[in-house]
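Labels run A, B and C following the written order; every chain starts at residue 1.
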Amino acid sequence: MSTGHDTAAASPVKGGAAPGRPSGGGPTEQELKRRKRLSRRWQRDVRWSPYAFVSPFFLLFLAFGLFPLLYTGWASLHQVELTAPTDMNWVGMRNYTRIFDDEFFWNAAENTLTIGIISTVPQLLMAMGIAHILNYKLRASTFYRVAMLAPYATSIAAASLVFVLLFGRDYGMINWALGAVGIDNIDWQNDKWASQLAVSTIVIWRWTGYNALIYLAAMQAIPQDLYESAALDGASRWKQFFHVTLPSLRPTILFTVVVSTIGASQLFGEPLLFDANKGASGGSQHQFQTLGLYLYEQGWVNQHLGRASAIAWTMFLILIVIGIVNYVISRRLRASS
Amino acid sequence: MRARTRIRRKAVVLAAVASLGTGLLAGCADDGDDNNSSSEGGGGGKTKITLGLFGTAGFEESGLYKEYEKLHPDIDIQQTVVERNENYYPALLNHLTTNSGLQDIQMVEVGNIAEIVQTQSDKLLDLSKYGKESDYLEWKWEQATTKDGQTIGVGTDVGPMAICYRKDMFEAAGLPTDREEVAKLWAGDWEKFVDVGRDYQKKAPKGTTFLDSPGGLLQAILSSEKDRFYNASGEVIYKTNPAVKNAFDLTAEAAEDGLVGNQTQFQPAWDTTIANSKFAAMSCPPWMLGYIKGKSKPEAAGKWDVAQAPKSGNWGGSFLTVPKSGKNAEEAAKLAAWLTAPEQQAKLFGVQGSFPSTPAAYESKEVTGAKNDMTGDAPIGTIFAEAAANIPVQSIGPKDQIIQQGLTDNGVVLVTQGKSAEEAWENAVKTIDNALDQ
Amino acid sequence: MTTTLTKQPETASKRSRRPKAARAGGTLHAGPIAYAVLALFTIVSLFPLVWTAIAASRDNQRLAETPPPFWFGSNLFDNLDLAWNDANLGEAFINTTFVAGVSALTIVFLSTIAGFAFAKLRFKGRNAMMLIVIGTMMVPPQLSVIPLYMMVAKLDWSDQLQAVILPSLVSAFGVFFMRQYLLQALPDEIIEAARVDGASSWRVIWHVVFPAARPAMAVLGMLMFVQTWNDFLWPFLVLTQNGNPTVQVAVAGLGRGYTPDQSLIMAGALLGTLPLLIVFAIFGKQIVGGIMQGAVKG
């Protein structure tokens, strides 16, 4: 999304960490001599090996990713049904223009945004906290790491059954607990905000440990002496966290934010199974239907591949716009600071 | 020292990558071999016939494969099955349209059969030469027959619908408990049925409702109508068909009057209302009795009975189809016909309660002597056979399932949540129209 | 690589950025509050799994009751046994381990070298290519499986494991993950030093990048293994139970019938999850190990 930006964002951190590095990174005289002696093979290696390293991804993408992309792009300009996916009727931009009047799309877009915020923000904050704790010296640390990933490992069918029972209106454990403190039964599936909160809870439960593990791996790579010198300067644990840990993790934080944003925009398994008997409509009044779920409903249930493809591409465009806006804002911020 | 670790590490990594690569290749090669040998008829020169099924088939559990294999020692039967039709059906469409990944026999649910007939019939074998038309209920045979007269599916089970009710709760509310008398209360008219509900509710045991859910009632009324969502020429008429609107409004009325539970069928919460005896009656095809049994507490045994519905209808059932591209299509067609022949359907009913689509089976002792723990001595086979005889020949259409689901889950259920009938109808229509719009 | 020390003696001695102590940040001992938070988090994380086991230990009727059971019943082993045999899980485990193992290892390997190139090497078109990589993540998988299936059908790969393995290798997630990790974890000067030493790119990969990336590789491997293991939509399209089922395809048929047996479904879910936890326990240790150790020695 903003490659130039994060490289740049990361470099001051590195610069700060290693002030002894020759400024500008230019080779010394001696090194220049050495380089002249280097064989052609070496130069070819430096020049072409990056392409060799990234080529497997692109080759695999060409083989298995490109056709689906082209197909959905082409299908989005047609009326196509799942019952005959090669039988296309040209409709031009109609599948896109109709999105403007498609109240289900905008409803889903709104839900995606709210569920995305309710689930992603606490998820990443909690993941950071948990990772920080797990980075301490701990007894039985492997146990915690395994436990942390248990939600991600639990099949989504089993998890949703558990959560549907927990969030049951009449007999669910959560309403029972709320009742104990005097709160009336909440209809977790049918009330709009309650259902979005419940779906977000499943998302948070499922993905927090996942993100914590990613943060933990990055924390392990923070050099110990940064903490030591911070401790010598009298920084408390909190200060160390804010002044050493967080800045070092910037590339990883950016990664989780981008991945979570994309993930939230495509979210469909959790809301699909939260009320599995209502199909993919995301509740009686589509109160927790996300864009990912709407896309799934149009493609797999209603079988309109053309419409579904147009929705997919619109989501793609929205994400790109978000990316660009993000990039511009962060650039401005950096320019002004 | 350093050099040695270096070399060792390198060797380890290289070995890992190499084994990975060869593993990948070997794996692929192996699979290829497996596939070839099996499609040529693995298992010692036997012809392998595969079935692709969803949840409710039960052929294997009833021992029918073993029986057929005994009759035809050169046949080897295997199945692949998924619990939910929501997963099964779109995958089947993907397989049919690409002519790939198909099993020799593919099961199709009644809600999808019209779509398969209309869009995929060129890929399926005409089974009219294999199954005997006169064996099956006329409308069942009709449903899988194309306009030009090819029958691409043979019927497995049907779901003749009656009303299951709790004798103890009816008695407590001052209603008759004998199934003939109960049926008389509402014979011929769903409005009367709802009126009985009102009577029930006046003296109902505390915390109970007459019916389980709005969805069950709407399903029952609609399935007893001759024309529902499509007219005979295949046009969508659900919005203008007075029968649909009346059914919707009657259900909404029942919901407004608190006669139905605030539940969606087949959800865990709905299951608990069965376990906790929270309602007195429900629309009930034969398979529903099995469901009730599965979800009830033991002390509810014998407390249920079954009465004829105001008007009979069909709820559920499936078909077996045979893709033309299968290597053993002919053998598969013979097996499909055999599995759905009256004798086998009678056995299937005895084991798992799927009601035969072949009237000849209704005379068998499996059907006439059928009992269910929940209904005590009630002759359920005979009751459902009578219902089956009265099922109207319905015009079905490709999107029946979507329309039905829209009317229920995006429609009447809202009335139980305090919305007005109009709001609920509008919400349903909006949802359905969007779903139908290509 | 020893040149680092001779070339930049001041840097190396003053700021030995590669500590001997393996666990960066790990000298701090956790206090009671930290343990309390962890305990809570562990309970919340494990609860549904434990409840799955409880559900699998009951019979169907008991599960529909209210309140739902809180403690184990007597049917756990019966149900596990039934699920194991009915779903033919033995074969499914072998298939899934193969599929998930090959996918995870390959993704880790390819992502590490590609991530390294994107993070640390300079080449024309780098940023544009990285944007394409991220862009591929934005294609919703629930739609692209339909055209992908059309391809696989043409290749006649039904029931063959490569139909699941090969498409799963396109992991923009992995490349992006490794790039971001190496941006942070791999100091430029180590690579430069190796370069000055005359090391080829492959030598840099083996001796500098892989050791530095080890924790991230372990994490990525775990995540990819689980993802492939639990994937349903795609394997279900290409595999069948009498072909080469993965675990998720095999258990999809459990609990069939007009009254789905939830206990059996849960038993299948439990059997499908347990091997993953064992894999976690093995890989989990990898992340504990010091990462920069290797870089210094190498």
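Brief remarks on what is shown
Basically, a residue touches a chain if its C-beta (ideal position, glycine included) is under 8 Å from a C-beta of that chain, and two chains touch if they have at least 3 such contacts.
Keep in mind the model is a prediction, meaning the values are calculated, not measured.
Chain-to-chain contact here is organised exhaustively, every possible pair of chains being in touch. Greatest Cα centroid separation from subunit A: this falls to B. Taking each chain's centre as the mean of its C-alpha atoms, subunit A lies 15 Å from subunit C. Note on chain placement: the centre of subunit B and the centre of subunit C lie 38 Å apart, centres being C-alpha means.
Rounded to whole angstrom, the centroid-to-centroid distance between subunit A and subunit B, based on C-alpha atoms, equals 38 Å. Contact with two or more other chains is made by residues 66, 146, 150, 265 of subunit C. Looking at subunit A, one finds that residues 82, 85-86, 161, 165, 170-171, 300 touch two or more other chains. Under the contact definition stated at the top, the residues of subunit B that touch 2 or more other chains are 94, 268, 272. Remark: subunit B residues 2, 5-6, 9-10, 13, 16-17, 20, 23-24, 27-28, 31-32, 34-35, 50, 52-58, 61, 78-84, 87, 91, 94-95, 98-101, 103, 268, 271-272, 274-276, 287-288, 290-291, 293-298, 352-354 touch subunit C in the complex.
Of all residues in subunit A, only 1, 3-4, 6-7, 10, 13-14, 17-18, 20-22, 25, 27, 31, 34, 38, 42, 45-47, 49-54, 56-58, 60-61, 63-65, 67-69, 71-72, 75, 82, 85-86, 129-130, 133-138, 141-159, 161-163, 165, 170-171, 173, 176, 205, 209-210, 213-214, 216-225, 227, 237, 245, 248-252, 254-255, 258-259, 262, 265-266, 268, 292, 295-296, 299-300, 305, 308-309, 312, 315-316, 319-320 touch subunit C in the complex they form. In the complex of the two chains, the subunit C residues touching subunit B come out as 60-61, 64-66, 98, 102, 105-106, 109, 146, 149-150, 152-154, 156, 158-162, 165, 206-207, 210, 236-238, 240-245, 252-261, 265, 297-298. Within the complex formed with subunit B, the subunit A residues making contact are 79, 81-86, 102-104, 161, 164-165, 168-171, 187, 190, 275-279, 281, 284-286, 297, 300-304, 306-307. Of all residues in subunit B, only 86, 90, 93-94, 97, 115, 119-120, 264-269, 272, 402, 405, 409-410, 413-414, 417, 427, 430-431, 434-438 touch subunit A in the complex they form.
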